[in-house]
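Here come two complexes built around chain A, the first alongside chain B, the second alongside chain C.
Our next item is the complex of A and B:
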């Protein structure tokens, strides 16, 4: 653990009553076996999900259970998902300059519904596109990091980080849009 | 099945960007002392304390209920902590009321707070990394979906922002005081998270809220009129799963059904005189009006546009100025509940809704997945008295 006290430049007329003190903590999390399978597959350029035989819902990353049908999901329920899909929702974020923020220009975060078996990925970066041209229904494909740059560091048991360590973002394929009305109930 | 519970004391701090003049315990004590003063009680009259706040990492003080027990007069008394993210102030009030209603304790002090200036929520929510979304970034796509589904005109969110800031001018405790804000200024302010403009977003505030609750027999000796808890409800759902509808979360639908049914409310729009609803971003006013079935699908924007949610309108929402004007996160839910109680006590001052006898308080939290609600009345039969 390393710590970095940060003293804000203060007006010398004002007494110092508060000091920012940011901490950094690295820790290792033991992930469950199904998440390990997912992480290993991601390093090989594959997105794994789990499909619930009862509810038909697809979970990505896999989580070993379906909270809707309340059933256990195992290796038999693993399914390889596509690395292309459709933007179903998005927002454009104007970055707040908090400590550690490196973004300076507005950026897009989108939900992507994968083709084929399905699977929704939230909060994905959209690349190679001015943010004001992003649309619901736009077809996109994954931009994978080179294998040597992929990392599992952000993958944990809480399904956070999803594909971030292996996929840099998603770029438009140039194919015709899918009608946006189809995605009104696909908010993630 | 349960005893009546009365709210006999309500206190809150002046909400500000920074309260450098008080420590964390000093902040909560300020609100608690005001609640005790309102009830004309002392610390020794209290049997138990229930404390709520948003996640501990926001200030970096873990399990503050332990270090604050002394400041809250709770040494040697039961002290409980409630955790339900942003809805926690509401859930905390409900837990406190249940301790009275079930006969566990006769006088309970409940407190909720946040001191946002002693933390950095943006940094915390981003996990200390670049590219963080902030809470608004999580909610923004759902607002876009709500707008698309209902065809709400773009000026409805800005209208809510202006209404709540004007209401806040009547509330001396409110953080933001913007009497002259216009819809045009809101729409011209920077777009933080499309469709949320700067002026449609809540501030970061330091502040606390407290209430004293007691039994029917002890309430009769209270110096000022009490508010009566007519019903409470809490519901939650997972924050993310395929097929979830975060625009109209099922937990919010069922929580509202439960709280209105238990209070005997069959027509909320007619039977509720005033509502305090958790609206940290302007579009959440129409989203919860529909998400809690107060109005039908596609109807909320019309109610707002016609001025019906203004003070003096048919269904006033957030006369205190709401979360859009003051957001000490952990306290924000309790402020909704406390403002509802102030209204039926006739003690809301300049932002009083004339003749209010039935009021609704609501809080939500997490990824719009935790809900807490209560209905309070000026009498135990306030709903029935409406005929």
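Our next item is the complex of A and C:
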């Protein structure tokens, strides 16, 4: 943590009554092998997860352990996930123009439960849809960035970055909604 | 794309704080090239000044702010061999407790001594104000008195 002024506290004629503190935290970490493998696959347009044989839970990105069944997960538990799924929950954010906020219009962040083996991606952008038309149960598909625009720079060991460097967001497929009863146990 | 398996994340929080009747004048003083202490209930001069008496908890009167320094004595120190981007100086320096002339307590601050051999407990240092000041604790740095 550091505390540094971002602007002059006041001009030279006035008493100093306010102080700008600029807190800047920088995390550097060595990315573990299973996450590197996940990141490389993402660059190739594939979403890798790890499935726990005991709990049946799917982790994306893979994390090498299942906290529910208390067991290690390894290469054998890697599974390629689908790039389409269903919106199980969402938040509409009305942006306040705080430091670093680049959005100006209300936008949605959604949880997307992937089809097939499963896997839950949180805080996903929903594209090509007015925010007031978003609903739980809506079927969506990934909008991948072109391969040359994909980056794994943000992918770390704690799921930060997730699919952001490769998938721009998710757009509605137009298929019929999935009844909420089918994913009630997976609403995060 | 170099395959160095290190990732970097940055989190930033900008805060703005009010300074109050004592720290405000203290930082105003720094901006104007002066260091202020405050008289405590028992008559000692505290530097940096505090809003509250450390012994009794009683509020201290801003009228008791008094100029101290600019010279002082190093009470103890630690050498910073490899400064980070967050340190007040970009080259090696000492963090020291400096008891300024006229003060009864020591201020922790940076001493730009050039080398560790130039540092000693008991040495005299003096305040050197930066040309461009913003009302911040880094408006000043200390240097050995003979180099001032």
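Heads up, the rule we're going with is that the second predicted complex is superposed on the first by the 160 of 188 C-alpha atoms of A that agree within 3 Å, B and C clash if a C-alpha of one lies under 4 Å from a C-alpha of the other, contacts with A are read in each partner's own complex, and residues count from 1 in each chain.
Just so we're on the same page, contacts are C-beta pairs under 8 Å (C-beta built on N, C-alpha and C of every residue); 3 or more make two chains touch, one makes a residue touch a chain.
Here the structure is a predicted model, which is why all the values come from computation and not from measurement.
Asks: Just to be sure I read the superposition right, which of the two partners does A:30 touch: chain B = first, chain C = second, or both, or neither?
Replies: After superposition on chain A, A:30 lies in contact with chain C alone.
Asks: Go through the superposed model and pick first if A:100 touches only chain B, second if only chain C, both, or neither.
Replies: both
Asks: Examine A:18 and indicate which partner it touches, taking first as chain B and second as chain C; both and neither are also allowed.
Replies: So A:18 meets both chain B and chain C here.
Asks: A:153 in the overlay: touching chain B, chain C, both, or neither? Say first, second, both or neither.
Replies: Second partner only.
Asks: State whether A:57 touches chain B only (first), chain C only (second), both chains, or neither.
Replies: In the superposition, A:57 contacts chain B only.
Asks: Just which bits of chain A does chain B share with chain C as contact spots?
Replies: 17-18, 20, 22-24, 99-100
Asks: In the complex of these two chains, what residues of chain A are touching chain B?
Replies: Of all residues in chain A, those touching chain B are 17-18, 20, 22-24, 55, 57-59, 67-68, 89-96, 98-103, 106-107, 109, 111, 118-120, 122-123, 125, 136, 159, 180, 184-185, 187-188.
Asks: Sort out for me which residues of chain A touch chain C in the complex.
Replies: Per the touch definition, chain A meets chain C at residues 2, 4-10, 12, 15-31, 36, 99-100, 152-157, 160-161.
Asks: Using the touch definition from the top, list the residues of chain C that touch chain A in their complex.
Replies: 1, 3, 5-19, 23-25, 27-28, 31-32, 85-86, 134-136, 138
Asks: Residues of chain B touching chain A in their complex?
Replies: It comes out as residues 18, 20, 60, 117-118, 120, 122-123, 126, 128-134, 137, 140-142, 144-145, 148-149, 190-194, 238, 240-247.
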